[in-house]
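Every chain is named by a letter (A, B, C, D, E and F) in the order it is written, and numbering of its residues begins at 1.
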């Protein structure tokens, strides 16, 4: 009789052995600085688990994850209540993946986790750029007295790479100061994703860190997030944008974050995240 | 040591003192005549409470509620099961706000609450017009034997001001008689908000009562309402329309109603309502 | 005193006596082969029950269900766990409706129920065509070793009528083999409903079985289904398409399926289904 | 071929013809005066619909609903927003059932519906007593200015029959005045159901109106109600009590009310209601 | 840098290597024959996933899963819609575990999965007994024409081992025939778990298949199941009973089933299941 | 006309002016260290808001909050992601309340907030004791590398006051080390609240900090918490215990915490918390 052992859980078909894999997926389940509704800590797990509900084949790209050289490393075990320890663990994992010659693909967690991965990426690629899709500018200097906050994450990244390296799309929320400060230091396209192809072309071969805050989507299709912002982009617009960036820019590291599945009663937000991750993996 | 007392709850930044305030916000938590799914009684409270989840600054209008001369008076205490008592309390509050020289901005509750506020407005401004955004015509003469019903509210208003003063947009549901009757007595634009700017221009300086039934929105973005009607307008279309009306018409009183938060599992409908109220307050 | 007996439950106004009725509505509550999230067994009951929440009058078509010659026969009692018995019961009911000279209109249930009704239809109309609206191709030869599966239903229908008779629209999910196989044997329009009017015109008077898997809709407006697929069509697009097919093709039998109300926390998906059924009944 | 018509919906096996039936079940879907969380209007429909999820046989009583002479008349169509019209319709239905020589068994709705049925019962049986199971005393003279309110319903009944005829059990909530007034005019057993058998014995053959507000149950087992009150009785305690009253008292009319299924995410409250109704019907 | 790979998912601390393990846990996610509310297919996954929310240490037994020789093999991949294929796969897995000299511990799934495991157990231990904890007798000969149904599972087991070998506890639901038939062929303790210790003692060293349908619990503490039956046993009563059986009987194979997590909004039912599985594993 | 301003939100009737008040209620909405399911940040707001759903009168104690000298200061504004800042703000508020000669009554938030208030209390009353009701021992030295964690809070308090001053009741979860350590340093009554009256008597007039983690309750009645632990105490048992402690011990400061309303679909957990706070306020 066959004794079935079936206890390895990965994102759909992302079970390639270490040697073959060119992309290393991992989860960063952390949400301690979330200010409105927490729960993105459950995001990476939900994406992995529910990915079996979609097909591995994409009719959009005519490609199949069965053929994709991806390994899913599972979730990091991060502590809650100590931000620096969590960021350091993320930075270490990202550095280790770079050292193994693979591309790190992180699933959040809240957006602050980007800072951990970006530190490693900026260390490996000093001339790195950021393409940032989000509803929120995330450019605050501090938030309620805290500087390591999801609302400040892109500002913290800016402190590492400086002016002219950050390209934001879809931004439709922030305080007055963020928008004013942003005008001086970063490129911001408000409300939609227009101009992203042009940006990719202008960046040429420059290394890109690509960070996707899923709340850039309209909450009609993506309600399951901490701070839903009506007036966002459609699934198809985002799908096309991420496919383009992953297919045409020199993406050296990327992340997808801010799915909060406990606010996703129907499960649709998780399916959206799964499909976008599939399209990104297939385009990379 | 500082003794923190922090128990006044208002819509985001709508805490200006009586003297400075030009707009008086108040809630009318009533839903006794709702025929399908009740619960709009929880609408005004949810809008006030969750408003801290949005920013006070609008990148659409480049204005901030911090600067807006608005006071939030909280919710009226209305009884359930006695419609006339509830309408009278609403009428009194609206009249008192007019007498104080301020603009009344009411948060429902079911749509019937409009009748209470409109009585006061029509008394103060006899030549008043109504701009009415809704999925439903609300023009029935009676509903299941009741004439004071959310399904009859605009008909009741018509009895006060007569033909040619009511301008409806977005209407996509009603019985055959309502649509037939409406053709003779009111202007109705079915299915969308087209023509609203033209209407505003044609009204010039005439006083306007502006009533927004949030179910004019498509239920994909606004599921949290008693009678969701697929096929509605988008958030951006409604945002632009309410901003235009509040910014260009002579709005003397207005209301936003029909949020039923217990049917809003994800909380998105409440966020939609908060953002629209913010945009209206900033445009007024 | 009047003794009220009010215990017949039908879809809104579909209570015409047998003799007058030209359309016979019935429910097929079955979901045993559903592979991801079950629960469509509750679909037909929810549609019937919640239909009182919409109006019987359609402002889109200016017609009223009050005048429509429809009887609702209620739900079949189907067993779970024995697929063939369930399909046979559906086939028998459909045949009986044909023999009574009426048009069968079935409410699912999972999509496999179509096979039961289609067997009866293909027997009555050997030259029948299928117009198939869906997110999924449903063209697998087998699924996890099972050939009678919701994922195989159109393939099973093809085995009855052969090449060139099946017209699919809205398809955006499937495995690589399904898409490849489909190219050889059926007409597939991917991602949207374009070309459906042309298809109807090309079919002329040929008999048509019209099957609508509601997951062809975008899950923003239709989350309540077993396998939601982001990137679908809008309510208005589907409403226009089903109205056109029912109004212009020679539809001899039809079905609407895959509503899973337990994943529809807000109730919006059920309202969407109710309105589409209303529009179809009015157009037939 | 057999043409299945299956559109009569009754409580489980309560489909006996008029002539045979000794008990007439009907629903009174009304909740306009509910002060906290509305939604009991959906109670009677949920009980009827979900009753197919329980067995018709009771191992507690070794009896089966298959043998019970009960007809289910369905729900009355009541208007919302006009209390008196609703109460009158309920009174008429109850009177008609008495005139047909049957026992009226009403499913609420909010507790105020009891007043309509009790008026008819007190008219038919002037020496009637009330056995009242509830968490709330419901003895207020008025509530927020309204005298026809769910919070006043037993007080209204008292006005009809006077002192010494009302026997309350399980009461654990009310204002100070209600408890004080109650001491003078009714028998109240606080917190549990002790003494109910003794009360039944003391009443002998006197006619009894038996009204069960399901919130007498602890909300651990019955969360789906408008005003849950922790500290209530267990399912088994209530099951035994209602079985005893229905089996040993001269119950001439009864009701079960205050199920609010939209606050019953798991569906357990509805199952509880179904089982209690089954036990009562079998004991009557 | 450390490259973290963390993608093996097991029940809490049940990650012992094959050689050391004496108990092999596996999931059987199947629910095709469920007649009321499906969804137990998600049960085993939820138990495994949420087990990290409890402690591995039991203060009840003063033992820790860290020390327990258990391996979790993950879930079988079962098809939906073909009952026999699913049962065969379960039987094979159970047999393979026996052949490896380990004790099979299965997590359902609906109760029918027991039949697959029991076939293997009865083959390995012809003189096997069944201790069966459940709300439902599960003794029907067929259900809606189907003999392989969750409502018939114990009857099917009886066909293998015959009279006097089945000991049921907690039974409180079934049809009249089941109870009558049961009296002749099995031992049934209705309503509670009394007598279970005595039964265990009387069985001595005889091999026991122990099957726990979690709906034996009262739905106040275990709402997340397909057919909740009010009037069940408490968590502590069941915890003590399963600890006693696992600790004192010669249990050679066991299962825990009928968790349906999509009806468990609060997550409590899943925690209950996790704790009971922990206690059973520690006592075995 | 009367201009209604009604925007102060307090716990039911806890609106006494500063001078009269002897108890100062405040909320501490913080949950950054929660390890399993976050969301207790919404606890204090929910308790305040839903308190209007209960009566101010307690039939258990025959007292009324209308007469109670309590002011509700509202919620502190705490940052997320910086534990020490949050604890300091709580400590400051508690100290300020002591300095004003009032008793601090804090509503959490996660259990770690107790540390902030307890620091202030231990400073004001160096010989203070702790009576601690909880499902969890909370005695870990660190948790995932973090020492300021909800799982360590009582250990941190012990570091301030030392052995023999902490009295735990209801504890039923923890790791092996916590239970072992606890035996040496604190009094722990496992599983229930027995002995609490005796403890109160033995403490005489010694000052007591009383901390109630609501998860001491069984999750059947209190599902809305981060880490539900089946096997807890009943509502009545806890109600009696807190009434006894507040009425007979020299309680100088207290807190109630760990309500997580987003996991409380039915709202029952919030009602439970409201009633317990009412009983405590009336007994103090």
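Quick note on the criterion: a residue touches a chain if its C-beta (ideal position, glycine included) is under 8 Å from a C-beta of that chain, and two chains touch if they have at least 3 such contacts.
From a predicted model like this one, the values you see are computed outputs, not experimental measurements.
**Student:** Among the remaining chains, which ones contact both chain B and chain C?
**Tutor:** Under the touch definition, chain B and chain C have A, D as mutual neighbours.
**Student:** So which chain is the furthest away from chain F, centre to centre on CA atoms?
**Tutor:** The chain lying farthest from chain F is C.
**Student:** Working from the CA atoms, figure out how many degrees chain D turns to land on chain E, in steps of 5.
**Tutor:** Answer in degrees: 120, to the nearest 5.
**Student:** Average the CA atoms of each chain to get its centre, and name the chain whose centre is farthest from that of chain A.
**Tutor:** D
**Student:** Shared interface numbers for chain A and chain F above half of all numbers used, same, or below, different?
**Tutor:** Result for this pair: same.
**Student:** Using CA atom averages as chain centres, what separation in Å is found between chain E and chain F?
**Tutor:** The computed centroid separation for chain E versus chain F comes out at 38 Å.
**Student:** Can you give the whole-Å distance between the Cα centres of chain B and chain E?
**Tutor:** About 55 Å, centre to centre.
**Student:** Multi-chain contacts only, two chains or more: what residues does chain A have there?
**Tutor:** Residue numbers touching two or more other chains: 37, 77, 218, 220-221, 265.
**Student:** Which two-chain combinations qualify as touching?
**Tutor:** A-B, A-C, A-E, A-F, B-C, B-D, B-F, C-D, C-E, D-E, D-F, E-F
**Student:** Contact residues on chain E for chain A in the complex?
**Tutor:** 1-10, 26, 45, 49, 72-77, 92-93, 95-97, 99-100
**Student:** Would you pull the chain D residues touching chain F in the complex into a rising list?
**Tutor:** So the residues of chain D touching chain F come out as 36-37, 171-176, 179, 190-191, 218-221, 223-224, 227-231, 263-265.
**Student:** Could you pull out which chain C residues touch chain E in their complex?
**Tutor:** 31-35, 37-39, 41, 77-83, 85, 112, 143-146, 148-149, 262
**Student:** Please name which positions on chain D make contact with chain E in the complex.
**Tutor:** Chain D residues touching chain E: 53-57, 59, 64, 218, 220-221, 235-236, 239, 265-268, 271-272, 275.
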